[in-house]
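Going in written order, the chains are labelled A, B, C, D and E, and every chain counts its residues from 1.
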Amino acid sequence: MVPYLFLGFAAMLVATALMVVLHKNPVTSALFLVLAFCSLAGIYLLMHAEFLGMVQIIVYAGAIMVLFLFVIMYLNLKHDIETGVQTAVRRGLGWGLGALLLLTSGTLLTRGWSMGPVLAELPAQGEGNAAAIGKVLYSRYLFPFEITSILLLVAMVGAIVIAKGRKGPEGEGA
Amino acid sequence: MNLVPQPSFLPVDWWALGAVITLTLGCLVLLLLEFLPAREKGNRGGIVSLLTLVIAGYSVYRVAGEKRALFEGMFVHDPLTVFFTLLFCAVGVLSVLISWDYVKRTRINQAEYYALLLSAVLGMVIMAASNDLITIFLGLELMSLALYVMVGFRRARLESSEAALKYFLLGAFASGFLLYGIALLYGATGTTNLARMGAFLGDTTVIDNPLLLIGSLLVFTGFAFKVAAVPFHMWTPDAYEGAPTSVTGFMSAGAKAAGFAALLRVLLRALGPIEAQWGDLIAVVAFLTMTVGNVTALLQNNLKRMLAYSSIAHAGYILVAVAAGGPEGAASAVFYLAVYSFMNLGAFAVLTMMGQGRDERVLVSDLAGLGFRQPLLGVALTVFMISLGGIPPTAGFMGKIYVFSTAVKHPELMWLVIAGVLNSVVSVYYYLRVTVALYMREPDGESVAISWGTPAVIALILTLAATLYLGLVPQDLWVLAQRSVSGLL
Amino acid sequence: MIPLTWSLALSAVLFTIGVVGVLVRRNALVIFMSIELMLNAANLAFVAFAQQMNSLDGQIFVFFVMTVAAAEVAVGLAIIVNVFRLRETIFVDEINLLKG
Amino acid sequence: MLWIIPALPLAAVLLNLLFGDRLGKRGTSVLACGAVILAFMAALRAVLQLAGIPEEDRRIVETLYTWMRVGDFSANVSFLLDPLSAIMVLVVTGVGSLIHVYSTAYMAEDPSFRRFFMYLNLFMFAMLTLVLADNYLLMFVGWEGVGLCSYLLIGFWYEKHSATEAGKKAFIVNRIGDFGFILGLFFLINWTGSVDYERVFAAAPHLFPIGGIAITAATLLLFLGATGKSAQLPLFVWLPDAMEGPTPVSALIHAATMVTAGVYMVVRSHVLFQMAPFTLEVIAIVGAATALMAATIGLAQNDIKRVLAYSTVSQLGYMFFACGVGAFGAGIFHVMTHAFFKALLFLGAGSVIHGMHHEQDMRRMGGLAGKMPVTHMTMLIATIAIAGIPPFAGFFSKDEILAAAFSSGHFPIWIAGLIGAVMTAFYMFRLYILTFRGEPRFIEHAGHDAQGHGAHTDEPHGQGHPVHESPAAMTIPLVILAVLSIIGGFVGMPFQEGGHLLERWLRPVLESAGGLPHSVGHQLSHATEWALIGLSVAIAGFGIFMAFRVYLQRPSLATSLRERFAGLHNALIHKYWVDEFYDAIAVKPIYRLSQWLWRFFDEKIVDGIVNGVGYTLEGGSAILRLFQTGYVGTYALFITLGVLALFLHILRS
Amino acid sequence: MPIPWLSFLVFFPLAAAALIALMPRSAERSVRLWATIAAAAEFVFSLPLWWRLIPGMPHFQFEERLDWIPAIGAQYHLGVDGISGLLALLTTFMTFIAVLGAWTAVEQRGREFFALVLVLEAGMLGTFFCLDLLLFYVFWEAMLIPMYLLIGIWGGKRRVYAAVKFFLYTMAGSVLMLIAILSLYLMQKNMTGVATFDLAAFYQMPIAPAQQFWLFLAFAFAFAIKVPMWPLHTWLPDAHVEAPTAGSVILAAVLLKMGTYGFLRFAMPLFPNALQQCGPWIAWIAIIGIVYGALVAMVQTDIKKLVAYSSVSHMGFCMLGLMAMNPQGFAGSMMTMLNHGISTGALFLLVGIIYERRHTRAISDFGGLWKVIPVFSVIFLIVTLSSIGLPATNGFIGEFLVLLGASRHNMAWAVVAALGVILSACYMLWMFQRVVFGPITHEENQKLTDLTLRERLVFVPLLLLIFWMGVAPQPFLDRCQPALDRTLQLTNDRAAAAGRMVGQLRGEPASATSNLTGGGQ
């Protein structure tokens, strides 16, 4: 059962991701991206990463993509019409390179790869995955956790500084 | 509730963490101070950040001798950390000094500026101090985010905003690669902790595990982007040119050093074994970086852009040291980084003074005749250029000596060394152009106005002194560098 | 239990799509979205490995990555908006004041 | 006290240099002449002292200090007085002082009077160093020193282009000779390890096989030096031009002293030359050839000084083939007599020129006999002397040379000598006749001529004075020299047992070379000797007779002859186009080569490469800048390419 | 520890320079006086090198040794022997002359000018004194900067081109030497385990002939550019023509000697076997340089350029003397260095003097100077003669000894090189004739003023030296010969040692270094 679900999600993920890249209209791209995130969340669930699946939905599909859409609307972008040989060249190069990347890494991996050591200790199934994560997050991963807090702070400040309205010291003279 | 028992912190640990904590607090204080009324041209931002940096530096320096691994070895306090933390604090101090009047005259709102500067320093410190790919990644992102914003700080200027956009998009792109690399390394070794990774790779026999190779290469790519190595360098000129001059100085010195700090630690602690698989790549990259940087710089008329290319070239020299590998190579790289930070910041200290109000005068032609009208600036800039060109008796020369004398040890790198010295000859050409403008040309039209400022002058004198001192008696820094790479945790 | 090969392949494909998106699109926003795809590909890899190795570290890492992504989005969108304000376009091939 | 002899003139130079402007002309001339006359006294004293020493060790050596000592090589500054140098010193100082005195009058009105005498004294210093040196290196100092002075004196009227040209030519041609000299010296040093005459001569016989390559090369090179200094083929070209200098200079340097330095050097090194028969042959042939060629040219010249110049060249030729046939003594003998009469001739010519207001073209002279009697008489004596009529000085020396050539079996050389003798007699009397006899061919109050010889304004006399005899200061030296030209030859009176006076005097020097055969003049029976004497006298007489016939009795004959042999005459007028030849094969090509080297090789090739590197790099820079398009897309593309490259690399390995 | 006299000599000019640079603008006029005093003082201080230096001593004297960078064993190690002693004297002397000569030449920015000249002096002295390879390199390259600025700031029309060319040319040469130095250092470390840049240590260290070759090339390349040897000479004419008088004087008098000094002190003793291989080639290149320089000088239209090319020719003699590898050659080379310094320096001063008055250096703009400025002309004549090596002037001694040495090694060298002696007469006298002789063709020359008292004072010592060294060179020879002989000995010994090394490897008998010892007989 699980594998089929996985395949389904995977197919959807790839399709939507492709649409994101392919579709002319940024709004549409954004919406496809939401779908992509959702399907990814599904895959997380299949992988017993329930917590991450939820966060994926909430943070990504919820927060981030809304922000995206908001900006797109705000800038009310026209379709980006792309024509001309130079675009074609860029497309060709892009896809070609992508294919090559996949090809090379694929051939490399087919040489046979090995994975890191498997730990005996299973994640405590008693309370859910979320609880387990919570525990380590506040104990072992305290330091990075704190860093992320500062990171967010910085991001906030930065966003404000850059996107602040026309008035403001830097405003005039532009 | 069986929480994982917290390791109890000794005082020394607090001192060791001092830098991180102080910088965080300083950042917060600055932001809070914004709520108090302030004069348009107040100095408190600068003062606070100076204090913060000094304290941060001191607290680490106080326990310089110690070796501590905290947070399950994610944060280590060892010679390398100490060296780089001090270096970053020094860079921070100098940047604050050269920004002091620049931010005022360009009307950059100080609180955010300094807050971001501190957080960038914080990010660098974390990069240098962390022994775990997670924290390295986070530190790198912290630094990068702050820098993205700082580059775009003069958001009314097209160049500034454009630079920010490019830097951001490419930075994010590159960190995508880095992240994927980390993922693969994690998959291949089962850990993100460098020490364990190193241990694992030490034991394991399957060194040519594709996961490992691809992962390590992607990680290398991520760092190569930060240190502006060819072919991941192309953002550099644009970002440097567009950014506010003070920021350019800061990032050219700090970000590069941070990138190398992390790269060195990763190579020394974890990827040493598999580096053998693609170590020769570094040599090639080093060669490309030197050559492309120097050759492209030949025809630049914008000093910031020229220095951008020169910084690419210098990344190349440092990569020569990295290619030489081992503690010695690392030591020479570290030494070179310190030296480079000083001379480069010095050059930027001069640049920030050029022009008045909100305009920047950073064309080579703007220097015409400056040498005789402003002797101090002239002499200083000349010394920095000579030093960047690697000509004695300046620090730059000692850096080159150290790097090349390490590389010469490896016969297979002889070609690289020869290419390196020839490159330095090429580079001298465009460094000389600056002195030519300074002393051998007369300004057409009115000569560029200089906006003097005590802090900037102090920074100038400090860097000048450092450049000459390290050029004449490099011994102490040399020893420090050697000690810094020995006995990593 | 999903074979690691599948998920790895999937993440590789996803990552490549993201890279290609960055290369072929001219709209800064879409490029940024593609970058998000790359990050998510990395996340997928992490989760997959974590599941195989019965360790949580991978998932934790993903958690941090999401935070970072959020932060990046905030800053990035701000920058893009600012650029748009200044020159009424976010097409990266119309933004090359700095070159050479 | 030998050093005093050269030191005196040098001192005079310095004094004149420092205080000359305060001394005035009189002071200057007193200083200059005084120094030389004193030098002559000192020389005389020294020679008498030398004569006092028993023959076997008749040499005074005086070492001043070590000049340079490097490794196993060392050279001293030290002087040597032996019979050979004694003769030279006396001739140089003696004739020198006469010419100094003469010059005080001749140059009286020249604005750079002081400079002239400084040069002259400097020359005396150099020449004395040359003859008194007791090693080759010190000799070389004098050797180049006299070259320098001749350069300065020829170009004395420096505003005259031809003069400076001639000076430069003289110096450079001499340098070519010196090139040979110095290289020959290296041979000697590298084999004998020394430059001292004594050591070299002592060592040479043991080191070199007779006629060996090394000694032949060395001597040939030395002889090359001699040809430069003494204007022999192929380097004689500078001497005629040297007549650009003031006449006293021509008399002193280019007749009496400097040009004989070459002969002196050969005689001095006769030990070496005798060990290289081939070289001797070469010398003999070159000498004879020069003597003939110069004589022929002399036939056709019209400039009085040039005639004398070529006759000098020719006489030097005699001296050399004397050496060539091994009659070194005869060579020196001729050097001495030649110094007397040739100096006299030049001074006489100078007096004529002086009287003629710088007319040098004989075609505008004639009939001066009455106008300047002293000059006329003395000149006549000198002319007879050079023509070789007994008992005048020239006769003895020249006869001895011819005899030597005959007796040593060099018949071709001997014949050449005889022919030379005829021509000498002929052109010398041609000169005499054209100048002093016949109808005056000049207009009184003649100003400057067309040939430009007198074109310089430095010399005295505006225009319009009548032709007149020269002042006493000029005539007295003439008289003295005339006397010497008459009696000077008696030291070489033939038919004396054990060789004549000069020969006996020179024996210590010339026999020092371990019993090698030398002056061969005495294996001849008296009869043969008489026959030879008769022959040469007859020859000379014939020449003189022809001269009178052609130029006095039937001047038309001269022109008709000229027309008959127009081609030959043309060749003679143009001195066989030797100058043009050298110019074509050496001067011009070298100049063109240099131009090419500079304009093409230096600036195009070498600098082209140097700058080319620069341009290449800048081109590369321009190209690399193209990649920096400013498009995020491009940058991302390169990043991806980079990653791909890394992948491919590990894919390969 | 005795007083660090050499350090004092090196740093006194620096201090003086600093003081002069810091003088107020108002002092522009008096600066030159102070500079002259400083240079004179430095010369006086350096005089003891003449009598306190004991030539016979088998090692360097007045040594000073301080740890500089213990981390790599680099030392601040100064010392002096006959060779460097004489060259140092030449340096201080010519600097003094140059400063005195530049009084009126520099119209503006006198402080900077004289300060730089003094800095340059310090650099040159350091280069001659130091016995530590790294230190040597530091001085060697640091010296470029002041010279570069002198040319670039106070030079003529194409000064920037000339200055940059000078800098890059020289640096391009020396960077490879840096690599060679580093590799030597590494060998030393691997062989003995001692990390040091000490010259003496390298003199001890045997180097396999195979390695010697490339190292020698690296060194030789750097020095050959400095000398300059044909065909690496093209920076010289430009630099000389554009440089201010004082610059040209110092450049010709001292900087070029660095090249030959480098050969003598470093390249030759360190790599004798490579020298064996390359020596003849270098000698022939030097000979080409002699003739080539002379020929090209002959067709120059600019006096300075002519003198510059004559330098190429003269320095060719220096190199030839060195390659002769015998006492005469070495001594001759040494003397030629000194002579060239004095004569060519004097020539540049003379050219500078008429340039100051007429602001042209074209030969065709002059003529008939003797009539107007006789004193100048006489001095010009004497200097010219010394430059063409007339006996009894200094020039002769050097050229004679060089040629003698060359002839001992290989007669052919002497024969071809001696052509240079002829040619030098050609170009110098021709130039002299066109400049000084003849009628006055240009009206401007009518009112030229003859030498001032100061200018005469500049030349008095030069002329005295010209004759002193020509008439009694022995004092100079005595001072440098022991050191030269030591160098020769060292070179031959090392060659023999390495030869044996190879011999043992090949199992052959030790090959005697025949063509090194040179003696023709």
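Note that in this section a contact is a pair of C-beta atoms (placed from the backbone, for glycine too) under 8 Å apart; a residue touches a chain by one contact, two chains touch by 3 or more.
All of these numbers come straight from a predicted model, not from anything done at the bench.
Steps from chain A to chain B, taking the shortest chain of touch contacts, total 1. Of all chains in the assembly, those touching chain C and also chain E are B, D. Taking the definition of touch as given, a chain qualifies here only if it contacts chain A and chain E alike; those chains are B, D. A count of C-beta contacts for the chain pairs B-E and B-C puts B-C on top. Relative to the centroid of all protein Cα atoms, the closest per-chain Cα centroid is that of E. Among the other chains, D has the CA centre that is most remote from the centre of chain A. Separation between the centroids of chain B and chain D, computed from CA atoms only, is 80 Å. If you average the Cα atoms of chain A and of chain C, the two centres end up 5 Å apart. Per-chain CA centroids place chain C at a distance of 98 Å from chain D.
Chain A and chain D, compared by their mean Cα positions, are separated by 103 Å.
Of all residues in chain E, none touches two or more other chains.
Shown for chain D are the residues that touch two or more other chains, namely 625, 628, 630, 632-633, 636-637, 640-641, 643, 647, 650.
Contact with two or more other chains is made by residues 8, 18-19, 22-23, 26, 28, 31-32, 43, 48-49, 52-53, 55, 60, 64, 68, 71-72, 75, 79-80, 82, 86, 92, 95-100 of chain C.
If each chain is drawn as a node and touching chains are joined, the picture fits none of the line, ring, star or complete shapes.
Listed by label, the pairs of touching chains are A-B, A-C, A-D, B-C, B-D, B-E, C-D, D-E. Residues 134, 137-138, 141, 145, 148-149, 152, 155-156, 158-159, 161-166, 168-169, 172-173, 176-177, 179-180, 182-184, 186-187, 190-192, 237-238, 241-242, 305 of chain B are the ones touching chain C in the complex. Looking at the complex, you find that chain D touches chain A at residues 633, 637, 640-641, 643-644, 647-648, 650-651.
Chain contact summary for the complex, chain E toward chain D: residues 165, 169, 231, 233-235, 292, 295-296, 298-300, 326-328, 331-332, 368, 370-371, 385, 390-392, 396-397, 400-401, 403-404, 407-408, 411, 414-415, 418-419, 421-422, 425-426, 429-430, 433, 436-439, 471-474, 477, 481, 485, 520-521.
Interface residues of chain E facing chain B in the complex, by the touch rule stated above, are 68-72, 109, 112, 134, 137-139, 141-142, 144-145, 148-149, 152-153, 159-160, 163-164, 167-168, 171-172, 175-176, 178-179, 182-183, 185-186. Contacts from chain A toward chain C in the complex involve residues 2-3, 6-7, 10, 13-14, 17-18, 20-21, 26, 29-30, 33, 36-37, 40, 43-44, 46-49, 51-52, 55-56, 59-60, 63-64, 67-68, 71-72, 74-75, 77, 80, 82, 87, 90-91, 93-95, 97-99, 101-102, 105-106, 109, 115-123, 129, 132-133, 136-137, 141, 144-145, 148, 151-152, 154-156, 158-160, 162-163, 166, 174.
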